[in-house]
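Look at the two complexes coming up: chain A is in both, with chain B in one and chain C in the other.
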Partner chain A sequence: MSNPILEINDLKASFKTYEGTANVLDGIDLTIHEGEAMALVGETGCGKSLTTELILDLVPAARTSGEMKFKDEVVYSPSVDERSTLRGENISIIMQDPMSSLNPVFTIGEQMTDILLFGGGEKSPIDYLKHKLTRNGAERKKARERAREVLNEVQISSPERVLSSYPSELSGGMRQRILIGMALLADPDLLIADEPGTALDVTTEKKILEILKDIVDNRDTSVIYITHDLGVAHEVSDRVTVMYAGQVVERSPTDVIFDTPMHPYTRTLLESVPSLSTGIGEGSEGSIPSYVDVEAECRFADRCEFSEAACRGVHPGERTLDQGQSVACHLYKQDTGGRSADDTDEPYIGPPPWRTEQKRAD
Partner chain B sequence: MASYKKFVLLRIPQVVLTLVGLSILIFTLVRFIPSDPARTAIGPGASEEVYQEYREELRLDEPLHMQYIGFVQDIFNGSLGESTRTGNDVAVDIIEKLPATLELIALGFTVAVLLGIPFGIVAGLNKDRLPDHFSRFVALSGIAFPRFWLAITFQVVLVSWLGLFPLTGRISGAAPAHVTGFYTIDSLIAGNFDKFTDAVWHLILPATALGFSTFSQVTRLVRSEMIEISRADYIMTGRSQGIPEWMIAYKYMLKNAFSSTLTVLGFRIGGMLSGATFVELIFNIDGIGRYTLASIVRLDYNAIVGVVLVLGVTYLISSAIVDMLYGYLDPRIRLEA
Partner chain C sequence: MVNEITHADVAHEKHPSGDPHEYLLRKDPLVRVRHLKKHYSAGGIFDKKKIKAVDGISFAIPEGSTFGLVGESGCGKSTTGKCLSRIEEPTSGEIRIDGTDVLDLPADELRKFRQKVQIVYQDPGSSLNPRKKIRKIIAKPLNIHSIGTKKERTERVDTLLEAVGLPLEYKYKYPNELSGGQKQRVSIARALSVDPELIILDEPTSALDASVQARVLTLLKDLQEEENITYFHITHNLSVIKDVADWIGIMYLGKLVEVGDVDAIFSDPQHPYTRALLSSIPIIKSEDDDLKPDRIDLEGEIPDPENVPSGCAFRTRCPKAFDECSRTDPEFYEIEEGHYSRCLLNEEYSFRNDFGD
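Now for the complex of A and B:
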């Protein structure tokens, strides 16, 4: 496998609230390799967006700990914090809501050229004044040219008109394309797409995803797709990471997870995907638990039909299985490749019922 | 920019229409005061004949709509009618009194805005830290203390105890040769720089007393707008693309924050004009505020109508300017036009 571009180890994040401390992220590990497309899947409020926003230090209110490496260089640890230098040129986020993510009082052209001319954090207000006073035509022209290029890349047919428009003059689909274009301006190595197109109608969403996938394939950038829709994950990703309530519950290659979902939560997610043959999906009961005063436990236990005492007392460590899958659930045993299987202390409930049924059917 | 020009031009007929409405309203309302201005003006001892003559002169014997038509005709002749108190044409009186007040407002307002905005920005960017607490203290005292109290306190502490400023009036010694009626401008025209500094020196205390509450409001508003906008999605977009923090604050946030502050500023100019009365009384400045007060006491119909019209025009002009600036700052507003 190619080199990892971003590694996150044991990322924790908490917030102070009036009810107490909300421990939202509970030790997230993520690794994205060069050229890889990973889907981060989970329902609303499970911490997907927060995880990616923390990579770029965009949530000042969060108290975080853990370690992050970008291209083998430590960018975040107890003693180092250089996450903000990654913004733009190294990692770029396509924001979730196209209607509210563009500044309403500046033209698209101004917002885009600002990123090109002043992004990266080394320019001072003096530079800005100089630029405004000298009306640096050549530099501005070049930046505008580049903006036009990326707008072409996201298949906007009249880039010049769009550049001189304000966000309120453009449709949602257009704004979503512009947001993608903005994220591409500085040629990032890693692109994070937060629910791309979800806020739009289904046909527009599909078109947006196609555009995005084409760009990612052409450029060979690594990408994290954040989505609540396993169907979308199936279309665009190589690998799926499932999150629930601030914990990673399952990782799997995309082509495997749809045949053999391991974690009970992944199974409910799959069952809730509507399909033409079976009608509207099952949906799942309950919602994400409160993040205040959570114990060390499997956070899905309350909603899980297979949960037992062990699930509430002990945090299920991640267990590696065959076919490149791994799952954090007491229903599974670590796959040790045939060697003695009982050298782990972790509680083990027993094989999940659907597996034994499958075996019997075989 | 064509759409912006259209946006501005559309405002002009609106202003004119509102002025016509306003003049009818004031004109009628004043005449409903249950008292007799002619009798008040000539005194109880005057004969019935003189009284009737005076009523005719003031057109009080005519029906209301004819009075109004005459009033409008007078306006087109550059007159607002005779003041029963001073005996001058009200227009002449207003032109004489207004500059003193406008000088006060101009200085008070400019300082309020120029100090209020940076205060608000710094407070908003440092929410719940020391600069924020400090600005909250200053701003709340500006809202809590009434103007006349501030004015008197300034006189006691800064003038009487410390002797830093002149106590009252607009200038020491003779006024500069009359050109505009603004002592600051006239003294500059006369080339007398000493008189200019003296006039400014006289302005500082009353202008501060007048503008302090506006300063407080601007500070609080800019602060809360900055905090509100710092949570907006588009601010995170800018940050995630590597736009530097100073640019986020002073370009991307400020332009958004300022457009709603503008609305309030428009009202404040009119508010300062009507609030100038106390300050003028305490600092003995012969401005429009004192003129208004005296006119009301003496039931001077024409003067009251004239002054209220001036007040209305000021409100209208300032809110029209605000509208235009608003449209300039926020494209969504001018696109609706």
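Now for the complex of A and C:
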């Protein structure tokens, strides 16, 4: 396995609200390796976008604890300057909504060159004006040249025309490509794609994902795809991490999880994806619990058909299984590699019924 | 330029053989749409430029069934939906719903008529009034059409909440206290309140998560079975429509390109555009792979509706396009009874040969 590029340990985040403190993230651990594409999957409001926004320090209102390492350096809560270089040069984010993430009053060219000329570090408006007024012809030209290069990379056929257009003149698919291009400007080592293509049509979405995948493969960039669509995760990622209500419930290689989902939540998610052969599923009842007063230790306990007293009382912790899967659920015994499983003092409810059924069928 | 060649220059020997409208008319339809057109003017006073959002489409919806209209954004599918309830005034054409000529209705009768046609919009967040409680929102259509006494209306709200699977105490909540799926349930309850015969579903689940989407679609199906409602379901997602629709129309740039029975279209898609749409569905099950056509990549994006390509509008993106496509805009060919496709290739050979089986 190659080196980890980003490691997050026990990340917690809470917000103060009128109802009380909302404990949204409850100890998230994530590791992204070099050149790896990881999909972070979960339903709306489960904290997947928040996790990535915290990586970039885009949520000043959150009270956080935990540790974050980027390329072996601990970066959590560094000074503002360090963080903004990290944000500009090492980690880029592709925002979800191509309609609202571009400034409507500047041309694409201006917005892209500004990133190159002003990216990283804090600049006062005076600096900005000075720069605009004194003609830095050569520098500007170079930046524009780079912008054109990047637009070629995202397969925009007439980059010069696009550079001088305003966002409203372009279609959704085009704008999404430009956002990808902008994220690539600084040659980042880690790319975060927040629901790329969700706002687009199926055919356009497919194209965008392909472009993104090609670029990532060519450059050997690491990516975190955030998505609620398991079909998308299936097409683009190497590894899938499933989140539920601020907890990681399962992580697994992509080719394994779709055949053998382990966590009951992953199963309900998979069943509700519309399929050509079996049609739409039933969907699952209930919704994510309120973050203000989460009582159960396993936050899925209220919606889980296998939940028992242990699920509410003790957090299951992550159990390693074979095939590189790990799951936070009391239904599984830790695969301890030779050591007797009784050594772990976490409660064990028993194998999930669908597994015993499988065994019988075998 | 191909544009200079007119239809007269081309020897016409092809005899399009099918008319989906005729076929659906035999099915005892509730809704009949004939040559529906909606053109917007795009230029100034002297400029007669037109955007043909909907350009002469014909279909019919048998009573109690679901007609799914599928296409990319900007193809005119939502405009078609709005024309059905005359929110948009069609340029020309004929719409008959339950025998009434919709386009002929004077304003006061139109309002009465709208009781029969309700809409559920795409974004549940912005289609509910944030300052009204749920019970007011659901009772609003009843007030407008002055149905029942105050007490009857309150009772009706309770039954509706129960029908869409929401707890009764939700009637005292405001929309912002509800999740996306719950809000969409409220929208559905509101549409149901006046006992409509036709509900236009304009991408009812595309703003929702997969698990919530499945539940909303199941609810819609159950309601249809109980109340025998007819649905006109607009979506861009083919994998959703397969399970809920009985008939499908695939729309491209204001025109229908393939119409037919849902099973026929999914098992044997005949128009290259339908095949491209089907092939781009993301899948997670290996058995689904056999059910979708080989991958087709579409070139570019949907063309500017002000300058629709000559001949077949799809030819600029079609991987199978040949010279004739720029000259002739084909009529429907009957593939089999209940399945119609508008592609020149459908006459010469069927895509079935292309499958390799």
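As a working rule, the second predicted complex is superposed on the first by the 345 of 362 C-alpha atoms of A that agree within 3 Å, B and C clash if a C-alpha of one lies under 4 Å from a C-alpha of the other, contacts with A are read in each partner's own complex, and residues count from 1 in each chain.
One rule holds in what follows: a residue touches a chain if its C-beta (ideal position, glycine included) is under 8 Å from a C-beta of that chain, and two chains touch if they have at least 3 such contacts.
Remember, predicted model here, so these are calculated numbers, not experimental data.
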Discussion item. For the combined arrangement obtained by superposing on chain A, do chain B and chain C clash, or do they fit?
Written reply: fit
Practice prompt. Using the superposition on chain A described above, determine whether A:E308 touches chain B (first), chain C (second), both, or neither.
Written response: neither
Worksheet item: Should A:G231 be classified as contacting the first partner (chain B), the second (chain C), both, or neither?
Response: second
Worksheet item: Taking the superposition as given, does A:P125 touch the first partner, chain B, the second, chain C, both, or neither?
Response: first
Practice prompt. Go through the superposed model and pick first if A:T204 touches only chain B, second if only chain C, both, or neither.
Written response: second
Discussion item. To make sure I follow: the centres are taken over C-alpha atoms, the vertex is chain A, the ends are chain B and chain C. What is that angle to the nearest 10 degrees?
Written reply: 70
Discussion item. If we overlay the two complexes on their shared chain A, which of chain B and chain C does A:A183 touch? Say first, second, both or neither.
Written reply: first
Item to complete: Return first, second, both or neither, reflecting whether A:L102 touches chain B, chain C, both chains, or no partner chain.
Response: first
Discussion item. On the A-aligned overlay, A:F258 touches which partner chain: chain B = first, chain C = second, or both, or neither?
Written reply: second
Worksheet entry | After fitting on chain A: smallest Cα gap, chain B-chain C, Å | 10
Worksheet entry | Intersection of the chain A residues that touch chain B with those that touch chain C | none
Fill in: In the complex with chain A, residue positions of chain B that touch it
232-247, 250-252, 255-256, 259, 329-332, 335
Worksheet, complete the sentence: chain A residues touching chain B in their complex are 53, 56, 58, 87-89, 92-93, 95-97, 100-107, 111, 114-115, 118-125, 128, 166, 168-169, 179, 182-183, 185-186
Worksheet entry | chain C partner contacts - residues on chain A that touch it in the complex | 43-45, 157, 171-174, 201-207, 228-232, 234-235, 258, 268-285, 287
Worksheet item: Which chain C residues qualify as touching chain A in the complex?
Response: 72-73, 179-181, 209-218, 236-240, 242-244, 266, 276-277, 280-285, 287-288, 291-292, 297-298, 300-302
